[in-house]
Amino acid sequence: MQERRILSEAQINQGLLNGVLGTPSWFWKAALLLMTVLGGGLTAITVMLLFGLGVTGLGRPVFWGFMIVNFVFWVGISHAGVMISSILRLCQAEWRRPVTRAAEVLTVFSLATAAIFPLIHMGRMWRFYWVFPYDFDRMVWPDVRSPLIWDPSAIFTYLTGASMFVYMALLPDLGILRDKTTGWRRRFYGALSLGWRGNPRQFQLQFLLGVLLSGLILPVFVSVHSIVSWDFAVSLVPAWHATVFAPYFVIGAVHSGVSGVVTMMCILRVAFKWHDFIRPEHFDSLGRLLIPVATTWLYFFMLDVFFGIYGGESRELSVMNQRVFEFPWGLMLIAILLMGYIIPVSAWLFRGVRRNIGLMFILSIMVNISMWMERLWLIVPGLQNKERLTFDWQIYTPGVVEIMLVVASFALVTFGVMLFSKFFPLIPVWEQKEGQVLHEEIQIGRRRVPAIIRE
Amino acid sequence: MDMAEDRKWGMVVDIDRCTGCQACVIACQTENNILLSTEDIVQQSRSMVWMRIERYWEGEFPDIKARFIPIMCQHCENAPCEPVCPVYATYHNNEGLNVQVYNRCVGTRYCANNCPYSARVFNYWERNTAAPFMDLVPPAQRVAEPMNEYLNPDVTVRTKGIMEKCTFCVQRIHKVSLDAKARGEDIKDGDVQPACVQACPTGALVFGDLNSPSSKASKMSKDERGYHLLEDLGTAPSVTYLKKVDPQHAGTPSRTH
Amino acid sequence: MQEHHHAHTDPRPHLPETPQEITRDLLGKFFNPRGRALFVFAGLLFLLGIVGFVMRVSGGFAHRAEWGYYAVVVVYLLSTAQAAPLLAVATRLTKGYWRKPFVRAAELFTVVGVVNFVLLLPLLMVVPPLEGRRTFWVEWEGAPQAMLFLGMFGLVVCGLGFLYTSAMPDIAAARDHAPSGRRGLLASLARQWVGTPYQWRVVTQGITYFGCFYLMMLVGMHFLVSVEFAISFVPGWRDPIFPAFHAISSIQAGLAMLLVAMGMYRYFGGYRQYFALDQFWNPGKLLLAFSLLWFYFWWSAFIIFWYGRTPAELGVLETTMFGPYKTAFIIGFLLNFALPVFLLIWNPVRTSIKGPIIVGSIILVGNFFDRIRIYAASFSVDPIGLELEHVPAARLPELADYLLFAGVFGFIVFTYMLAMRVIPPMALWELKEYQILTKVRTLGRNQVIVIGKPE
């Protein structure tokens, strides 16, 4: 059932541009809070720089901990934008319209945040540029066999592609904003809008660009998280060395990312009063999408766990033992399964739940807590019980610095999206108008049924 | 005259002779400028040891036995730590050593994760005592005067943020190599002795050229008691361990440990 | 906007109205002289296949290596014919309107499962005891056989239920309009269908549930077959992604089989007006995606094994890819990935009707060789131990195997055409639903189809 109100163009403009042309009441308070948390994050990084990584909880043999877990988590969240934008655009699904830009922006900021973590994680982070092949004089190259070289290539490609995607979809709205503002804002939007006039030729080119970018970014979307997963899978660490990691991480990323988009949509609807634009039918569709995604995630998770115990290899079994029976890993496993699959998917099967904004908000946050824990459950135990040399087994406890950095990363992404919303509308105005034009109703028997035009 | 390319340095560890006295650990620490690990550092699971003695208890009281395995970097032919370093800070040289280039290392610690023997150690703390707020750094990890007097001038002192590990005392290998070349002679077996080998009171550690059929290390590595650690991983280590012979089990098919 | 119903410019398929047209479209079209000739030819090959089957079974179950190619045939049928209904299932859930002409053509493939079930039974006798080899079923002797039996049985029953539920309204239509000779069998199958709302609800919900279960059981069956007949036969093969690779390559081959079948319907069966460009273009896009996924899943396994360089993993690579069966692997790689992708990314191929059909036939051949390199290889090695000691030379097929290969065509085509005599191959009720929900309108100067979305 679609409950849309037919709005005039002026109403659409006013409703969607309220965040850009005016300032919502909560804006400065939220900005202050987030900047405080960010300050804490910066302090943590400075402390790590000054004193070395000793201030974290890392040791030997657990050399990678919370920061890498967080890195994988944010790369995961960044996958939602492409999933929703490009795949739904290629399938011409109508319900994508309010969701695309917010998801794409979430992608850009979460990816940028994710990229910070491998950087600050390095022992000598000021030498990070050695991973780039720039030294032609001395011919001192990076090692392309290393997954840590594949990582930056993949992430920067994805970041570039996602940014281009956001920009391409922004063009018509930049034209609207240029026409509605004065002074330095007009010049700013004018420069960015590249002379957008909204004539048929420009719309055709923009549509073609959208289709091309959607098609091109899909392989990037699959390969980025696969490459991040191969950071772990090509190593010899038990519980990491599994062939299933690539699609497992990708589908986990989609699961976590789409849930992140649901969370964001709930917040946006309330914060900007967009009740006419973000409607229960969108949450209904997102929930229905999440059911097969979550089930596929569960399939890969089960494959990983079963083959962990397949064959009875002692090095794998000792890690699996730890992950199932020791505290806190056993509890974490139960929480991951309950909060990541059993409760959400059982709930999403019901239309009433999918259309309830409050419930969708809670369920989506539950999913993301579970996915963060799942990354932790995957990464740390394999290092703790690395080999049958039990003398070297150690326990990892995170330090204050790491917890601070994780919290600050959430603040950074939120702050980025918030800052973006001050300059550009988070729902594409032109897409909403296009949806109105294409919207139809037809009479079937005694019912008037909403319909869509297909050529 | 033998060429460097023909040499393959290797070690043999006779577990039957090892008493767990830790002389090798101390010698290694002194020779290679490894910082002290006090109790608080060990509590942080960051003990800085290149050569460690693993001690395993077997049996029930009163038949408890302690087994000692000295483990250091195995200098694997098929080293898992080498392809994963993004900046080529670790590679296999033509003498069969797995070398660590300190000034190239950026500290991603991937090599340490990939080492199945946990042979690699990371410098977690800042060394420079002149930096402000140094109370955060455990005292033992700062090289304050007059402790700098004990440092070995042949070996780099590593700063924070880089990996280190056993090098088979590469500085000693180079010294003997260059001396021999200057004299126009070959390196004789036993000329090169890493610090641990030199310090071991029972002769449990033997070092030499595995490619030379006459060297003691080469002969001992072919002993019937010989095995490699974690052989099924296919890392092809250059260190051969000789099984301990239990008196009551002598003559029966021996157990590995 | 005006509502015109131009009979000659209506882009939707023209549905039959008179009883003779209905019966002809539902039951008669395929059995023109060419169709009959195909039926007889397929029947002959079916008989040859039976001869091969008898020869193989009478050869005894002692030497597992001899059964390698037999296993290839069983798995090939599972991968192609039994996976073909999946497109009908998936598109039902995504509500793509372009699926309606071919749903029945896809569902009819489930009858081939009956033949495959019978073929599977002797293979269960060849499974070696659990002692000394790596499996899941730690000490539960006979578990692999039981699980395979139950899995295949369940899959076939579910598939037949799926077909029957979906075809019910059309069998009733055929009963109502058929000439008196055929009416009896159809009436007993149609079971007093009159089309009450309750009956319709049973059919639509039944299709959804049967369809979802069929999908899950097929994925589960691929898991069982790939683990019990491939992974557990090769010592040291621990590969969590292999069941997923198997399922993905099967979905790709199922799509290919459906495309080839649609081509037969259009060009030889006389259903030209039902199978238009949309019915080939959309599956063609999916075929491109799944061919890329074939590479992705294969590469995920390869890179982990190749990078890890442990002796067990190198043994697996030697056995299944670069050793005695290298030729089969290369052919499979080229025909499953290289050729399909490079053909389908070219617009003239992908946006045509013949293009996807030809690429589909290429993939059907490629899938066959891919199964050879997996199953002929895994059946030929000694399953005992932790690592592969020795990879035996490649076995070539014998006479019984060649007869079975010929029989594959017969098993699929003869069984399918036999089912077509009773179950209508065109889902007229779905097409009528499409007619009711759509209107043709003029938008500007174009005729567009407006599709109602009552959900």
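The letters A, B and C name the chains in turn, as written, and every chain counts its residues from 1.
What we mean here is this: contacts are C-beta pairs under 8 Å (C-beta built on N, C-alpha and C of every residue); 3 or more make two chains touch, one makes a residue touch a chain.
Note that this is a predicted model, so its numbers are computed, not measured.
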Comparing chain centres built from Cα atoms against the global Cα centre, which chain wins on proximity? A
Between A-B and B-C, flag the pair that has more C-beta pairs in contact. A-B
Report the inter-centroid distance (CA atoms only) between chain A and chain C in whole Å. 35
Chain centre separation (chain A, chain B; CA means) in Å: 44
Which whole number of Å gives the spacing of the CA centres of chain B and chain C? 58
Residue numbers of chain A (touch at least two other chains): 234, 236
So which bits of chain C are touching at least two other chains? 307, 310
List, in ascending order, every residue of chain B touching at least 2 other chains. 80, 83, 233
Can you tell me which positions in chain B touch chain A when the two form their complex? 44-47, 54-56, 71, 80, 83-88, 104-110, 112-114, 116-118, 120-126, 131-134, 136-138, 141, 159-163, 229-230, 233
Using the touch rule from the top, collect the residues of chain A that touch chain B in their complex. 47, 50-55, 58-64, 118, 121-125, 127-128, 130-131, 140-143, 145-149, 231, 234-237, 383, 386-392, 394-396
Would you mind writing out the residues of chain B in touch with chain C in their complex? 78, 80, 83, 232-234
Complex contacts: residues of chain C adjacent to chain A: 93-94, 97, 134-136, 138, 219, 223, 238-244, 292, 296-297, 300-301, 303-305, 307-308, 310, 436-437, 439, 441, 443, 446, 448-455
Would you mind writing out the residues of chain A in touch with chain C in their complex? 1-2, 91, 219, 222, 226, 230, 233-234, 236, 241-247, 292, 299-300, 303-304, 306-307, 310-313, 440, 442, 444, 447, 449-455
